[in-house]
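Below is one structure, written out as structure tokens, with a few remarks after it.
For reference, chains read A, B and C in written order, and residue numbers begin at 1 within each chain.
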Amino acid sequence: MTAILAILEQRNGSLRKGAAELLAAARQVADQGGATVDALVCGHGPVTGLDGLGAAGADRVLVATHPDFANYCPDGVVATVAAIAANYRAVFVAATSTGKDLAPRVAAHLGATCAMDVTSVVMAGAMLRVVRPVYAGRALQTVDLAGTPVVAVRPGSYAGVAAAKAGAMDHVTVPAFTRRLEVTGIRAPEKAALDVTEARVVISGGRGLGDAKNFALLEELAAAFGGEATVGASRAVVDAGWIEHGAQVGQTGKTVAPDLYVAVGISGAVQHLAGMRTAKVIVAINRDKDAPIFKVADFGIVGDLFEIVPALTAAIAKVKAN
Amino acid sequence: MKIAVCLRRVPDTTTKIVIGADGVSINEAGVKFVPNPYDEYALEAAIALKDAAGSGETIVVALGEDAVQETLRTALAMGIDRAIHLQGKPSADGLENARLLAAHLASLNCDAVLFGKLAVDDYGQQTGAMVAELMGLPCATAVAKLEVSGGRATTEREVEGGVEQAGCALPAVFTCDKGLNNPRLPSLKGIMAAKKKPLDIVPVSAGSGQVAIVSLALPAERAAGRIVGEGAAAVPALLQLLTSEAKVL
Amino acid sequence: MSVVLPVQYQPPLPASMIRRDQPGAEAIELDVLVVGAGPAGLACAIELHRQSPDLTIGVLEKAGALGEHTLSGAVINPVAIRALFPDLKDEDFPFRQRVDHEGVYYLTKDGSTKVPTPPTMQNRGYYAASLCEVVRWLGEQAETMGINLFPGFPAESLFVDGERVIGVRTVPSGLDRAGEPTDVFQEPTDLVAKVVVLAEGSRGALGQAWRSWRGVGSANPQIFALGVKEVWQVTQPLDRIIHTLGWPLPAGAFGGSWCYPMGPDQVSIGLVVGLDYHDATLDVHESLQRMKLHPLFRPILEGGQLLEWGAKTIPEGGFYSLPDRLSGDGLVMVGDTAGFVDVPSLKGVHYAMESGMLAAKAIASALANAGTGDAAALSAYDQAVQASRITSDLRRTRNIRLAFKDGFAVGAIKAGLMTLTGGAFPGDRIAMPRDADVPRASQPPAEPFVPDNVLTFSKVDAVFKSGNATRDSIPSHLIVGEQVPGDVADFYAHLCPAGVYERQGDHLVVNAPNCIDCKATDVLGPRWTPREGGSGPTYRLM
């Protein structure tokens, strides 16, 4: 085995977060077969953060510079990778929106196979063995990939490692290419209010709140998180008209997968659970210790929400202030 | 304007997944199959583009076994003009399927080829971009906005922290995301008309490719949680867990 | 102890189901329009195509896909499907397995006694099946014949001209809760046809509207039962079909249970209860949950898994509840809509199919001879039904169900006598009140039912297992009486197996999207009207 190429993303001259994760995944596979890891960064000027890549596991850091790389330029990146691909056993990208756009283009260009949203990747004999969620995460597929596969590693699947490699910088030439798609820029998203599907933290309320006006308690808790939290709801309270339908989480509302989901006064009907059970961490606050929500909650507090929520708000505000 | 849409037949998203006896696929007994939801955005976009252009043709293409004809009929009932069934078992390797589609699409000479951004069964997320690359066409993926005028398209798609804007000349390939439009449902008239629309069958055979599915398994159940305590007194303990154990703060 | 008289709080169906305005200019023109793609409607469409291949036939179905609103036991007498497909063999039909062994048991809370199988309950040689699968299969056959199937399009109202039915309007979709169009709004579609076939199944809304408009009565009012059913994945094949009587039903209720094998690793289990029960707190869903823990059933289910759940009503009145007329100008009624169910044997599927085929023949000859579906020509269907096994079978068991109105013990003796005498005992018709006229006594609450989530489940969990994912923001399709008091709200809450009704304080909360179209409260309380296509359950195995 020769080497693994990890394509890292930059935007406006800064490396995107996730570079260390991707290098960790590549490093593990490389170490299994005594191979090296090359990181490739395509930019149009200096990129900050490249000097740390050796410590994160890159043996070499390849820099491709081209005026068209001011914005993401899939045609140029594909051409660049194609020019050096012969040296590599596999190509890794992060399964971000950019990585997912790039991976199949590279694969098709190389005549290679492509695996998306990979959560684990190892060598298995002459093959790369990957695990990836299918059917919206309701099943996991294990696949062996031959040839020079392109592997898109799902963000959050690997933790960065301290690998102390050289990270020697090298420049690669960008071959001539036709820019078929011209990315003109990135604009800010329009939405003012954070949607439940986008927030990192969702504070949801149910019938236990007793009255529409008590949603104010949840608004306060959400506010304590700074800009990253928003308020959601169960169907019962949307039906009762306490909050608008857009906030409904569940089977017939929105499906959310935030880092933190706080269910306040929500019993946890299976229809609600269907919309939030893939949240990373679930906290439940409910008076009824037998409420089904406690079966899926990582952490539960039994008791009066009117007492617990304000205390939690104060505590979160304190943490965030530090 | 001549537009092709590539369509996939998938299990309904609410299907309870049961692993098949072969251990590498789902048990399809009793499973309801539907057009891939993201492909419906593509179908709607194709009909809207043709309507806006005032003339042209919309063609739906599906690679699959015979059952896919039912899905093609649904597309015809929505308003697509004609259907092509590339009759054969799709490969586990997306590149092989892309090759078949690209070869066939090349003969159609379309101004635009549309896909869904992903299929909700295997989550492959690659066919559209691969087809574009194989055909040497520009490609914008996961578009939530698509405007065509004067032989050029401008697109928008969601990326981390913003909306990426792009443009390209036609012919081009686009993969469609939620937010692009509200797909119409087939009307009664559409269902009746669909019976009379052409559906051509072209036998194909996909290569086996470079992929071997080793296994398909159900994910581990979520571990049972714990009650941290009772009342406001439990808040400090909860905060401790969120910070040091769950690391979400 | 308070008494609830259901009829007091029951609103009427909206008069707008009979439309006197003109169908829209864009209306689709068909020769024959069938409302409802159950066994009756599909058999009718298929036979009609056989009789007259040139006819344009359409079938409206409210479920989003064929079979998704279909629920039955089901052990099927194959006579009708054989007659519909004379070239096929039994193995070609989508049945799960043949019935070779059966047992009838009388249950007490902890025990069971096997009783001799009454002649009316013999099932050997019949087939256990999922009626969803049978309906999907019938749909495929119809589709290949060129019949237009329109799943996801419920019929909302009948267009009439004078005394003649001339067409149907479908329900619009994409309305918000206030009835305002959203950006996915789809206008209703009008369809005109020479003959409309009502095959809506049990407690069909259009059938009720047509009958009250045309004044079509029956000797006894139609009465209904509610069946709640589950399909389980099990660890061992069940070796026989099981029927039970007695527990968990109180003495004042008529009904029984079944458990049928569905191939090597599935069984169906269900409980059917007549809606003339006397106890306002009787809850069929909960009774089925308790029943599953009985020593007769527990070993069958233990280690298994609930796959699907559903509920539906059955017309139980039998012979004396059949409508005085089955047809009129431009309209015929087939299957459960007409009440063709034999209660002692719990059979309706083959009568539904047979009635559909008889209707098809009458329609085909009416259209061939006169080109229109006049009442006089269509009355050939009434005569054909009277001369068929449908009428002779229902006549034989005409008083058996009715005998049970006084409770189980007296009923069982009378029923035995009736069977022995081929229906001659007691001679006359036993008069029955409408279900909604039977007063219910509210007992003080029994011990609350707590599901274990292994063998027993709450109503919300059950509804989830029906596959119901109805859009929450559609207008409510349930018409609720005014000022429903707390004890009546409680009665609805127990009656409805899907948790649509809840008592909160002293008022009634209606969770309309939970509704799975079983029609139980349409019989005893709030009225059901057709709603946006594709709403309701999405059964695959029922």
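Going forward, a contact is a pair of C-beta atoms (placed from the backbone, for glycine too) under 8 Å apart; a residue touches a chain by one contact, two chains touch by 3 or more.
Since we're looking at a predicted model, the values are computed, not measured.
Arrangement of the chains shown, judged by which pairs touch: all-to-all, with no pair of chains left without contact. Among the chains present, the centre nearest to the common Cα mean is that of B.
Of all chain pairs, the one linked by the largest number of contacting C-beta pairs is A-B.
Among the other chains, the CA centroid farthest from that of chain A is the one of C.
Chain B has its Cα centroid 21 Å from the Cα centroid of chain A. Inter-chain centre distance (chain A to chain C, centres taken as mean C-alpha positions): 48 Å.
If you average the CA atoms of chain B and of chain C, the two centres end up 38 Å from each other.
Within chain A, no positions touching two or more other chains are listed.
Shown for chain C are the residues in touch with two or more other chains, namely 469.
Chain B makes touch with chain C in their complex at residues 12, 14, 16, 30-32, 182, 184-185, 187-189, 191-192, 195. The part of chain B that touches chain A in the complex is made up of residues 11, 13, 15, 17, 19, 26, 92-95, 98, 120-134, 137-142, 157-169, 172, 209-219, 222, 224-232, 234-236, 238-239, 241-243, 246, 248-249.
Across the complex, chain C meets chain A through its residues 453, 460-461, 463-464, 469-473, 511, 513.
The touching residues of chain C, when paired with chain B in their complex, are 28, 58, 65, 133, 146, 148-150, 152-153, 170, 173, 183-184, 186, 189, 191, 307, 467, 469, 538, 540-541.
Those residues of chain A whose C-beta lies close enough to touch chain B in the complex are 16, 72, 74, 78, 96-98, 100-101, 103-105, 107-109, 111-114, 116-117, 127, 129, 132-147, 149, 180-190, 201, 259-260, 277, 280-284, 289, 294-304, 307-308, 310-312, 315-316, 319.
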